[in-house]
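Okay, here's the structure, questions in a sec.
Per-chain numbering from 1; labels A, B and C assigned in written order.
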């Protein structure tokens, strides 16, 4: 029991540092999520347009994002931008990198949700004399928004976990904080158990939140 | 462009390491995940609860954190494992959770009527599992499993953050030496793309085929 | 009021409508019978212009449906707005109801007046409540489709179509997807509409209902109008062999070939 007491005391002592790192993690996530959502929506129009060039361009972008690691993309931004005279902070590089990759995935997610609304709904709307735009706005889009909640929740959780990567370019978020604590105080791996717990709390909360939203708003589907 | 060409041999050797890592992690995590996922679907109550906890915990934390845990845990318990073993094991445990979830839900989504029909014919439980449930579950599981393998391959790049040398670390070394960030990183992205794209295309093709077959 | 002349339509290689012609007078109820694949659904969808047609004409009150003659005497497709306005006059009820699952029964009925015709909410509300009362579902106004039985959903679908005050109502096998005990409540509503003088084209398998409600029966096979006439004549003394076979199957001899 002496070991457990020691470890707990140590971890509690590190709590201020861990909380600071946790705050940075949350800040990165909160900054990247709206950007990624916006990008996903912006990419949606060309993707769904049915015209080969815009749709193909977006598809190619999504394929590249899907086929290359996020870490590399972040490195590219962080090491590359200074070469063309831009000097954004590590924080900005990380947020932009995350938003660029997740924006691509969100576009696919939104597209799948829209296309999963049955063709018959389009017909029902047109049959009572609604224009295509009206059908989309009042019949299709609301249903797509309800269907997107589940996959969206999962994607947000992945995004929160991906914030750990910005530790590679020096942003003092939770993961890097853990690494610093070990390197500076010869502590052992238990600090990362605490780090893991922080992430677990956030992802569990976000997951529960989205599930609740699904039940409340998508239950009638 | 010569920067890229000059360093290509070095980078390609990094790619080879990435491929080895990927192969090891994907195959072992798939094996682990299959076993755990099956137990999670057909096992007793405690077993299923344990599996659920395992999946929940590992899916809720970043793979990088799991890798760090592995990296620092091994020496703490007295094993002088090299970086690859530590990080690789961590990734296997992590990816195994995702595979387990896919396998578990695939087994559980084989229609209950199938099980009932087989029992009605008098088949024993073990045989039902092997000949009726598994073949259908595997069909359902293959597209998401391919996607998970894709993610795992990309995640081997994070090993560089923890201290295992592979393609991404090699790329960073070259860039720090030559300052040719765009050429090198874009070139390495192309290498990853060549590795990953066939898998992504295969996954999409399978999705098309298996949906029709059902 | 409705004129169909030599209507032709193909899906790729498959010719689904093969020069069918017939007319429907105002307040007339025409029932279309036929084996599956005979083109009945496609016919209705062309009248509503949910599908374009390749050749021939469909005219409602003299106006060509879906196309327009341009200055050079060529046929050109109408704009989406024109087609939308046309569909406001043609009410269509589908086999799979196709209610909007995210809206209540009342909101479903109000959809057309609100978002197709741009009427005010108060007006749409009045129309909605009146029509739900007409189909006997006042007490279900605030329920979502997921909580309604098939028969109830179909009645809401009929109310939804009626909300646009159409000139003609098209029914595409509207009871085929229902459990037998729910069929009656829908047929009662349709029969009442017929009594009130609504012009209707009904595609159905319910032969006794057809006999009861139709002014005229058209038998279709392979995209053509094979036989036509009042129900008393066509159903009791079918002239064509194909209709005889069809009726035998529906009247108990289900193995007939």
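Quick note on the criterion: contacts are C-beta pairs under 8 Å (C-beta built on N, C-alpha and C of every residue); 3 or more make two chains touch, one makes a residue touch a chain.
Nothing here was measured: the structure is a model prediction, and the numbers come from that model.
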- line: In contact with chain A and chain B alike are the chains none
- line: Min distance from chain CA centroid to global CA centroid: chain A
Message: Suppose chain centres are the mean of their C-alpha atoms. Which chain sits farthest from chain B?
response: C
Statement: The pair of chains with the most residue-pair contacts is A-B
Field: Separation of chain A from chain B, taking each centre as the mean of its C-alpha atoms, in whole Å
entry: 20
Centre distance in Å when chain A and chain C are each reduced to the mean of their C-alpha atoms: 47
Message: Roughly how far is chain B from chain C, centre to centre by C-alpha average, rounded to an integer in Å?
response: 53
Message: For the complex, give me every residue of chain C touching chain A.
response: 48, 50, 80-81, 84-89, 91-92, 94, 96, 98-102, 111-112, 115-117, 144-146, 160-161, 163-164
Message: For a test of understanding, state which residues of chain A touch chain B in their complex under the given definition.
response: 63-64, 66-73, 75-76, 79-80, 83, 157, 161-165, 167-168, 175, 178-179, 182, 188-189, 192-193, 195-196, 199-200, 203-204, 207
Message: Quick check: in the complex, which residue numbers of chain B touch chain A?
response: 56-57, 59-66, 68-69, 72-73, 76, 150, 154-155, 157-158, 160-161, 168, 171-172, 175, 179, 181-182, 185-186, 188-189, 192-193, 196-197, 200
Task: Under the touch definition given earlier, write down the residues of chain A that touch chain C in their complex.
output: 120-121, 123-132, 134, 137-139, 142-143, 146, 220-221
